[in-house]
Amino acid sequence: MNTQLLQTINELSSPTSYNRVYHEPNHGMPMPSTETMKEIVALLREIIFPGYFGVDSLDEEIIHYHTGVNVEKLYEILSEQVKRGLCFDCKMPAPTKSHCAQCEIKAQKIATAFIQELPEIRRILSTDIQAAYNGDPAAHSIGEIIFCYPTVKVLLNYRVAHALVKLNVPLLPRIISELAHSETGIDIHPEAQIGEYFCIDHGTGVVIGATSIIGNHVQIYQGVTLGAKSFPLDENGNPIKGVARHPIVEDNVIIYANATILGRITIGEGAIIGGNMWITNDVAKGEKVSQSHGI
Amino acid sequence: MNTQLLQTINELSSPTSYNRVYHEPNHGMPMPSTETMKEIVALLREIIFPGYFGVDSLDEEIIHYHTGVNVEKLYEILSEQVKRGLCFDCKMPAPTKSHCAQCEIKAQKIATAFIQELPEIRRILSTDIQAAYNGDPAAHSIGEIIFCYPTVKVLLNYRVAHALVKLNVPLLPRIISELAHSETGIDIHPEAQIGEYFCIDHGTGVVIGATSIIGNHVQIYQGVTLGAKSFPLDENGNPIKGVARHPIVEDNVIIYANATILGRITIGEGAIIGGNMWITNDVAKGEKVSQSHGI
Amino acid sequence: MNTQLLQTINELSSPTSYNRVYHEPNHGMPMPSTETMKEIVALLREIIFPGYFGVDSLDEEIIHYHTGVNVEKLYEILSEQVKRGLCFDCKMPAPTKSHCAQCEIKAQKIATAFIQELPEIRRILSTDIQAAYNGDPAAHSIGEIIFCYPTVKVLLNYRVAHALVKLNVPLLPRIISELAHSETGIDIHPEAQIGEYFCIDHGTGVVIGATSIIGNHVQIYQGVTLGAKSFPLDENGNPIKGVARHPIVEDNVIIYANATILGRITIGEGAIIGGNMWITNDVAKGEKVSQSHGI
Amino acid sequence: MNTQLLQTINELSSPTSYNRVYHEPNHGMPMPSTETMKEIVALLREIIFPGYFGVDSLDEEIIHYHTGVNVEKLYEILSEQVKRGLCFDCKMPAPTKSHCAQCEIKAQKIATAFIQELPEIRRILSTDIQAAYNGDPAAHSIGEIIFCYPTVKVLLNYRVAHALVKLNVPLLPRIISELAHSETGIDIHPEAQIGEYFCIDHGTGVVIGATSIIGNHVQIYQGVTLGAKSFPLDENGNPIKGVARHPIVEDNVIIYANATILGRITIGEGAIIGGNMWITNDVAKGEKVSQSHGI
Amino acid sequence: MNTQLLQTINELSSPTSYNRVYHEPNHGMPMPSTETMKEIVALLREIIFPGYFGVDSLDEEIIHYHTGVNVEKLYEILSEQVKRGLCFDCKMPAPTKSHCAQCEIKAQKIATAFIQELPEIRRILSTDIQAAYNGDPAAHSIGEIIFCYPTVKVLLNYRVAHALVKLNVPLLPRIISELAHSETGIDIHPEAQIGEYFCIDHGTGVVIGATSIIGNHVQIYQGVTLGAKSFPLDENGNPIKGVARHPIVEDNVIIYANATILGRITIGEGAIIGGNMWITNDVAKGEKVSQSHGI
Amino acid sequence: MNTQLLQTINELSSPTSYNRVYHEPNHGMPMPSTETMKEIVALLREIIFPGYFGVDSLDEEIIHYHTGVNVEKLYEILSEQVKRGLCFDCKMPAPTKSHCAQCEIKAQKIATAFIQELPEIRRILSTDIQAAYNGDPAAHSIGEIIFCYPTVKVLLNYRVAHALVKLNVPLLPRIISELAHSETGIDIHPEAQIGEYFCIDHGTGVVIGATSIIGNHVQIYQGVTLGAKSFPLDENGNPIKGVARHPIVEDNVIIYANATILGRITIGEGAIIGGNMWITNDVAKGEKVSQSHGI
């Protein structure tokens, strides 16, 4: 090993170099692991859609056993990751031992509460799948949609991440939604609120911002952005966090490919937004907005 | 393990919960496996592009041995997956043993017929690669294109999936095309018909619908949609399946980034469609259509 | 095994079939391996962001050991891949043994020189992360951005690939940038020149061409294209390689979602380009260009 | 690849070379797999000793789920291996399709019958473990014995293999007993008959022949052989198969290290055989036989 | 899944069945894992013999980095296993939280103390290796002995396990010694006391009991037993634990193959015991004892 | 990480500690790898016994392809290991570049020459298998013996290792023979000379020394030692290497369990040695030697 390499190792190991990017959770707790979060999502797919993923055959007698084993494993690794997430976020300068023990118990309670949401998550996902089936003349069966439609992948991750957001889990929801973003090209912020029977067709390039609110039976296509127009800045010129800045999309709206909808505006119930549209103002209930300059 | 978890396991294992998403193939045959389909695609890459993937060095003397081993393995796992695909789709309420045995033989015949197509698939892919090389000033060699251009990844999957469509294999073609969609952001429906020397540059966000017909020497860029304008509905308000609803793109057409082309219209031979265009009517042979309001 | 399969194996193993796609590097050296390139990128993530990836906990005392082990491994596998890259590209009809030995030494020197760049690459990436944090009201911490923002993934690969471009390494930079393209939907050519504090929000569909030049503190959104308008052709009608054909984007520019900027034009310092814009001419310093026909 | 290698490949691929060692089961059925047999033994350890192997923690609520999942998997892979074992052994020159279908059903029945034996196998093993605990002053707990005493490993394999022998499964029992032989140095033929509360201390070098019969509460030490004295030959000079040729060891016998006991003799109830003894005749009930020439 | 299987699953999951073999550590702590113990032994081999195992090349500059990374990993997984070992053995009926916290700290202290022994363990092993080299005319180098002599494998495990015994770690030492027993056929109880320059040639079948004491420069061959003659029983007829019952072997003794030495006797300094001998009484200093009836 | 650990890492990384066990091959070449040697043995099993190991089904059409692929892989990894073995053993203080290049070519020639021996090794092994079948009344078929008899495992490794000895390969033969020793408890030195139709029954504890010479049709049982009586010492008291010191066993000899045969003596053709015998003098042709004191 030559001198240059040894010297570079020293440079890279010097706090003046790594401190720019270093994050040490309180109490030396390890950080959350994106690999384990992938495992958690894979487990959730197996639990929610028995027979499709993981094991390739599950008859009725044995779903119970598999669900039991999978839920137990999920509980174990999820409570560990939640605990790490809480530590990652912990601002307390010198937490006492008993504070940390409380966090461990809190993590287990969160994992339990999350798992109790799974039957409801499965139910809502089944409405999303139904919507995808109804909306795509090329779909042959519900099973085909579960197997390979990106809308199912991304909504499973979104609905799971959103449930964790509601339980005030830091960091993990964003990791989960980015896993789906990477797989599908669809970027749904886990804090967004989305109703039932939601469907995204093709989907690549879709962006749904953190304060978006979407009703039931909404259908959107690839490249649609529900974004922010501008960020109100505070007196120091920094964006103010937590301000509602993304659209409200009411029930039964359809938004075609590559439409861009910006700001805290409302797309009224049953409205239809044509492809490539650029929308920065409210659209009335039932209105149809489309390109006039198509050829 | 606490009571809440045990109760949730029971809920998740109850048919009233899982039946919304459950699909049990006839005769207890296992379902197709997306993991195995990935393996099949990886094998096909090794067979079609010897030396690039899997084994990193293949001299001429030993290509024969590797091809033999790979084709045998492909035959074995593909016929199993085809059989599972047929069962997944089987509508027969109570198939007899001998009916199932016929399906097994049918699956083996399909796998054989598919493998016989591989030399032709390799030949067509070599025209696609040539087109990518000709169209990209930044490309240094054919080899570089095979190694890392997404157009090669997505077209290998498309041409393979399309060959399976022509052999009436259910489900598997969609799984294969979604694997490429996830990897490249390019969504080509396996039922689309695409000629030789086809090339997609960059490609993220491209959508090519099921009834599209594309000629030879066509070149398209990222974000292009060949989509449907609207779906004719049947008397119950459901989309009628199987109607031609996507564009016909004739030979030598170029379509620039983010253009949206909708409906069963024809883009005539040699036409050039500019970026971001919204096209819902025929474009004549040789016509150039572009943004007038660019700055 | 039936006759049809045996015959297909023979066809596929015949040079007349595989020669269309075959590339044999000089001297029988194996080809670069995309799997190993993935491993290299994973190692680089571990080295540059200690504690986030690979090992989930790194306290200060042991960063030195991990960095040492990782850098050594990186040196070993990277010099091997660089050597293969040089051979892949070697045009010499019958290189002598001593020529090949020189290439091996050259590869080791390149790997050393590249590793010496890592502290600087880490420093620049820390500016990119800072920019992402400042630009996103939904971001909670620097750590969250490193963990899951696609802008970090893609810029790590870009900055690494660009360093290899400057060291004249063939092929590998393209493989590295395509790995990030596949993961993030963001396609940055490794030859592009990009300043500090660069940030891409959401990012799916972004394309940055090979001769683009981007200043400091530039921020762009999903779907933005920095592309070529047309390629000057040589007398044979082939595109002339190496001509500057992509935009120059000066310091402090913001480009909103899905804007398309084409040709060797200049977007002046501090300019703001609105979403969905189609720009083919220079934009002056400080100018704001936006859709007039939004609703 | 040089000519010598190509020529050797041809030689090795010629039937005149490989036919000396080749075995092709009827109907092209694959052969049993020693790797899968290892997996089966590992599954059995998990099922029989919940919490020790595989998963490192099993509380009472979830043993049921794990047992269900493991038994289902065992059934699936064991019936496949039994079917392969039957085909391996099949002497029928040209079996009809329906004959083969019967074998498949037979294999499933055998796997079911075998699994029904597992509670009894667990019960007998618990007596063996108790015997090991009673006999070793260095043992601290039942759990320690299950974790690491070779007597438990080898007797699990023996009792499992013997149950398959009683179900007339060919080949697999021998593979299972050789797996334990390799791990422990103890070679128990699966056809031997062994009572409850059996214990082998240390065990390396122990050999127990196919027609041995061992009572309850027998204890033996390392290096003990229960072997055959000579084989009766048939008229062609080949050993006659199936003749009783190994010892009968009655209840409560102890045999110390390296004793060799040969032929169809009887070691009477409660006898004690000293170390290094060479025994070829019956030993009476309660007799103690030992080295007279020890120093 | 048929009824018989479901019923067997129920039987196997009933406490009346599994309680015979079940061990639940206090506080639901998971049990030690033999797989992790294998990993620990592999790590120790890498640390003690740098360059031979794991990484196949270690030059002087980088031994430091590798040792640092390996020791840190060892510390982490060993303290976890020690904690599990303490829990496995815990007899306290209802330990308080703070008692358990003390055990965790105790486990970390033990792991630290153990790691501090490693330089000394390496030093003693180097004397054992020297002894093996001197004793075997077929040995070509120290390196060959480290690579493949079973005496090195078994003594590494023994010396490591013995160090843990001295730190009062339950269970783990036995698991470690049984791992070596399985690999080498040599069964050394971790409580035995063995001096420097110890060497076992070939070794299969060697047994060294828990209360054996062996001096320096002792050499033994395959099949040698240092065993107990009989166990003193308590009033209930159970063996009394902890009584010295195995031989003392003084410095410079040689014991040839298959000799059996039983009871708390002393083999005096420099004595030589011939092969196959049966020894139950003291052997004087310098005495040579051998078979008189060899041919 | 506490101070004690950091200090221990320093101690372990100090040359005064690790130099006792360190071996640095000339020119920084990596050391041979026992893991790779395991892979080589596994490959050889697949090549020599097609259909039994690795792939579980090989029909005649495809043996050629598999053999080709396996032999190519074997050549590649074996020549690398042979080169490492030569470097490990290299005594040259400062080898020139061209000397090292010669070693690389030498290693490739050795690998080729070794592979050319494989058909003959297969032929001899088939005689060993035949001998095992004839000698064991419990054997059902040739296939059963290949699958699970330890005599086949150990003789494959021996015959392979011996072929490498004849090609003057250092170190690797010993690694190969120890792999089999660990798996079977049978320790055959690779320099021993062994004829055809050789068979070891059960085998645990067998030792066959380096200068042993064994004829054809010899059969031995578990625990048999062919050892050295004493080593002639040189003037410094070190054993003289390379002296013939183990037995010659002529054709058709049978040696029963646990017999010990020591020194350069001859066991004449057709002799039979009884179990537990201690032999240190020649045994005449056809003689039968057995225990007189059996009971």
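Structure notes:
All chains are identified by letter, namely A, B, C, D, E and F, in their written order; residue positions are counted from 1 within each chain.
One rule holds in what follows: a residue touches a chain if its C-beta (ideal position, glycine included) is under 8 Å from a C-beta of that chain, and two chains touch if they have at least 3 such contacts.
Remember, it's a predicted structure, so these values are computed and weren't measured experimentally.
The interface with the greater number of C-beta contacts, when D-E is set against A-D, is D-E. Chain centres here are means of the Cα atoms, and by that rule the chain farthest away from subunit C is D. Between B-C and the choices A-E, A-B or A-D, the pair with more than half the same contact pairs by residue number is A-B. Subunit C and subunit E have Cα centroids separated by 53 Å.
For the pair subunit B and subunit E, the distance between C-alpha centroids works out to 58 Å. Look at where the CA atoms of subunit A average out and do the same for subunit C: the two points lie 26 Å apart. For subunit B, residues that reach two or more other chains under the stated contact definition are 1, 9, 59, 62, 64-65, 67-68, 72, 185, 204-205, 223, 258, 276.
Chain contact summary for the complex, subunit A toward subunit E: residues 1, 6, 9, 59, 61-62, 65, 97, 101. For subunit A in complex with subunit D, the residues that touch the partner chain are 62, 64-69, 72.
If you check the complex, the residues on subunit F that touch subunit E are 1-2, 4-5, 8-13, 15, 17-18, 20-24, 28-34, 84, 88-89, 170-171, 174-175, 178, 181-182, 185-187, 189, 191, 204-205, 207, 209-210, 223, 225, 227-228, 231, 238-243, 245, 258, 260, 262, 276-281, 283, 289.
Those residues of subunit A lying in contact with subunit B across their complex are 47-53, 56-57, 59-60, 63-64, 67-68, 71-72, 75, 112, 115-116, 118-119, 122-123, 125-126, 129, 134-138, 140-144, 146-150, 183-185, 202, 204-205, 221-223, 257-258, 275-276, 291, 293-295.
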